[in-house]
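Lettered A, B, C, D and E in written order, each chain numbered from 1.
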Amino acid sequence: MTETEKFSIPIGPQHPALKEPEHFVFSVDGEMVTSASVRLGYAHRGIEKSTENRNWAQNLYLLERICGICSHTHALTYCLGVEKLAGVEIPPRANAIRTLVAEMERVHSHLLWLGVAAHEAGFDTLFMYSWRDRETIMDLLEQLTGNRVNYSANVLGGVKFDVDEELAGAILDGLDYLEKRTYHYLDVVTTDAAFLQRTRGVGVMSAERAERLGVVGPTARASSVARDVRIDAPYAGYDEYVPNLIGHTTGDLEARFEVRIKELFESYRLIREILATIPEGELTSRMPRRIKANEAFSRVEAPRGEVFYYLRSNGSDKPDRIKVRTPTLCNMASVLTLVIGQQLADIPMILVGVDPCFSCNDRMVAINRGGRSEEVWTWERLRQYGIDYYGGSH
Amino acid sequence: MIELAALLFFPGGLFVLLNGMAYEWVDRKLVARFQNRVGPRWFQPLADNVKLLVNEEVIPENVDARLFITLPVVALAGVLTAALYVPIAGFDPAFSFEGDLIVTIYMLSLLTMATGLAGANTRDRFSLIGATRTLTQLFSYEAPFLLAFLAPAVVAGSWQISEINDYAGDHLWLILTQPIGAIVALLGLMGKLEIPPFDAPEAETEIVAGALTEYSGRGLALFHLGRNVELVAGITLLAAFYLGGISNPIEYVLKTLAVLFVLATVQTAVARLRIDQTVGVWWRYGVLLVLLQWLALIGAEVIF
Amino acid sequence: MQRLERNWNTAIERIKTWARTNSPWVVHFNSGSCNGCDIEILAALTPRYDLERFGVELHGSPRHADVLICTGPVTRQARDRLLRIYEQMPEPKFVVAIGSCAISGGVFQGCYNIVGHIDEVIPVDVYVPGCPPRPEAIIDGVVKLLGKLRPSPKPVIEEPAG
Amino acid sequence: MRFGTMFSDIVSSLLRRPITELYPVERRATPDRLRGQLHWDWEACTGCSLCAKECPAQAVDLIVIDKKAKQFAMRYHTDRCIYCAQCVVNCRFGCLEMSSDEWELASANKDPFTVYYGDEANVEAALADRAD
Amino acid sequence: MQTAERLQQARELLEPRALELVEPSTDRLDAEMSPDSLTAGVQALHDHRWGYLSTITGLDLGPDDGRLEVLYHFCSGGAIVTLRVKLPHEDPKVPTISKIIPSAVIFEQEIEEMLGIDVLDIPIKERLFLPDDWPDGVYPLRKDAQLEGDNE
């Protein structure tokens, strides 16, 4: 096989669950992967450029809508950055409320992920139940913030709303229920035979590899890389409400499930702590409309890993440049490099393994031999190929 | 004249179709209830099928149009024929002869074959993969499935469905004496119907809708109906053989619904198997178990 | 004789309409949304809201679907895909635009990679504003779509321009 | 390793009523904070335009009819609005409010999405202005 | 290890190679690099396992300054080290760092596409974000880019 072969993994353009559609292309020399690239851009809207034409307040809502799943994370990262730029200190109560919403968002996001992952594995019952229980936290978020997704909880300089006794009580009740259910899900993902055969030992990533590739979030932590911005560089209220780092050593899919579910318990604990000890005080500080020329970084731990913002102001009421780095992009970058120099047969495992979301990974591969007829490879066939290649010891 | 009516309306044709839709509803409703939701209304399958029938049927380019149109008809005709040999609604089968069991089982496979061919014919990549998976799966469960249905035939000493039915009615329920066969037959039926965990051939998350991705309108409706009929015929056979025979409508309803209930439960409680795992399960355990049971049966014959 | 024929035709029409309004199968396309609307659509299928009550089934293949549910503003890269999916659906087909950005561009108005909103690319039957609309509001949209079909079945939608 | 870990859920669901809420037949009460359609109290408005200025989606316009006499109308697009409440925060005179009950805005055409607020004469003036 | 210690370590690594070092705040160290010394700086951080590459930011400093700038952000715990490279507006070139840190490719692709910065020897040249029919030579993140639709 001397010709260069190209694989491309088309990701269903219509995709009810989530995530931007992406498109992988692998070039292969014989058995060896020589290059890998990814095509993004189906959901590329040009947000970064548009921030330069909008004022600081408008950008808050634009950036919040980079992604509806971690919307609060993006809004929070932006607010923290802008407040740093302007040198504004926000009241402690506002900080606590921001942290509260962030943790509630983590709960919703992890439950969502559990459901989607189960759906991808063909376990619709688990999907239905985890989403049923997720409604509990969605209701609470709606009661607290006024919207189920894209909460718009933040304003520059603080938050929009307060928590009172009654709401706090409702949240605590909701948590009690969720905690019970979470124990059950932990049990399911760690013991269900049918489910484990899709996750145990699949997509293993060693600690060293994860470390070097700059993988972030639960994916990194499942490979025993202790990386969590909430602990490393506490922001908002996290210096008072300190999460414990949840790690795992095996680095396979099962570990990633376990890490995420165990993080839920941490979030429940933090939420309870916040509600018990929330400081009194104002909700907002005054923000200037124009911000002097300056630059700042802002890092926040999203449910899927570190979000990184670079912000630069030039003295006007609009930013000069805002750069957004999302965790998914970061983990994607590591996939691409992980496969170079690997055997073709390893690709599926690596893809499934590194990416925190599987929606598109379990799809298929088309091979184009030197531009001639397009031969179609299924995921299964590729996997089968891998099994055969390694002597069928599977 | 009466025979023609039997063929077209009762217990053949129309009745089986309606029965099939009703059972599809029961199945979907049960799954919905198991998942703590309300689920579809009672006329849902009817509405679905009528809608598909009246909708436009798109015939994609570069397919063999004649095959594209005839395959669904063949599929439905096949299973309808199979249904004629099965004691639907507790009445004696419309037709019956020595050896009709084998014919029935093969007629039931016709649907799967047609699905596979339909997928291969459309040349869409998802369809192709779906077709490959469908056929792979067919070849893996066919043998154990057949063996599981032949075991009752052997003890009854006949290859005729009505006689095995009578035998099962007179003796201890075969599910007690041949539990392994019963389980394998049930799982085989699930494989045939491509319901979870054996739904890899149409895994929506992976290959959209498998072999039938390109079908719309009438063709899709016929495949759907075919599936429904297969469901009825399959569980009727299962109930007749393993649950002590079916001799009247009441028994029919109770026993087939019992099988359906088990079917729905299993399907809700498990995750999908990958296609290689499906094949593995069948060849490694399915065949082995059935053979074991055969050995036990032969042993029992010899001893008593 | 003529009356009989007319009655027969209206009866057939009635049955068709009945079947269509009771079995809307949907396919979903995200042409650049923030995922917010998409997760709410998914949520509408789960036990709490259970769209299957109305006969809604989510299908992966546009060939099986009667209703296209669109979210998000249309990005340059996604435009052709959107058109292609719409063209693949068999007649009669309907389109529901979910979320403010699908209707008007919402917060993304003016971004350089946006070509516009859904109804600039394909005809839309029902609009559901919100950012994102709650699952109940999505159900409300579906119910309004079905209501629209009911009195007189809408004839074939004209082909999209462009 | 066990099979059927979800079995307990399945059994308990079979015995209980489904959790599904029967919307639109039954309509659950919505939380007070829910952000639905925007409403404007024109009597309190001073015409500062701060609401329109920071709206991220250009969903509100303040139409000045007569600046001296403080006669204004407001055009609001429910289909552009992203329900973020920045305008509510911005208005120092408390003229803006988001309804917690008007969120079923779906429509088969786009006409209802453009809403005019203001007293009758002003709305008419604004409409006439637009017609030109 | 504390943030200050980490920054001190980075300072020692970068001192010999940087044009200028500043600490704008307690958790940051900015190192001004020339395009030629960039790889050496990255190599030094990489060899001593100092943190991970968080992202690469490209920016246009505007008509007054007339230059482009590329920032390489490295994070380790709470510390952020930024290597800054200033480039001319005409014909900007930086070396690739993907030989050292392979996962940088995606970020380098992005600055190429969005700002028209030529990343020398980058292994992949394909489009990442922009649509297939995007005109060549239009770089959306440059201040002088003429973009339709981007009005307001």
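Structural remarks
We adopt the following convention: contacts are C-beta pairs under 8 Å (C-beta built on N, C-alpha and C of every residue); 3 or more make two chains touch, one makes a residue touch a chain.
These numbers were taken from a predicted model, which means no experiment stands behind them.
Closest chain to the protein centre (all Cα atoms averaged), using per-chain Cα means: A. Just to note, of A-E and A-B, the chains joined by more C-beta pairs in contact are A-E. Averaged Cα coordinates give subunit B a centre that lies 34 Å from the centre of subunit C. Put simply, the C-alpha centre of subunit C and that of subunit E have 44 angstrom between them. Centre to centre, using the average C-alpha position, subunit B and subunit D are separated by 52 Å.
Subunit A and subunit D have centres, each the mean of its CA atoms, that are 30 Å apart. Shown for subunit E are the residues that touch two or more other chains, namely 130-131, 140, 147, 150, 152.
Shown for subunit C are the residues that touch two or more other chains, namely 46-48, 50, 53, 60, 75, 77, 106-107, 109-114, 131, 134.
Under the contact definition stated at the top, the residues of subunit A that touch 2 or more other chains are 12, 41, 44, 46, 49-50, 53-54, 61-62, 65, 125-126, 128-129, 132, 142, 147, 150, 192, 194-195.
Chains touching one another, given as pairs, are A-B, A-C, A-D, A-E, B-C, B-D, C-D, C-E. Those residues of subunit B that touch subunit D in the complex are listed here as 32-39, 265, 268-270.
Taken in their complex, subunit C has these residues touching subunit E: 75-77, 109-115. Considering their complex, residues 1-6, 9-10, 19, 31, 33-35, 53-57, 82-86, 89-90, 98, 100 of subunit D touch subunit A. Note for the complex: subunit D touches subunit B at residues 3-4, 6-7, 9-10, 13-14, 16, 18-20, 22. Across the complex, subunit B is touched by residues 15-16, 18-20, 22-23, 25, 46-48, 50, 52-53, 55, 57, 59-61, 63-64, 66, 88, 90-92 of subunit C.
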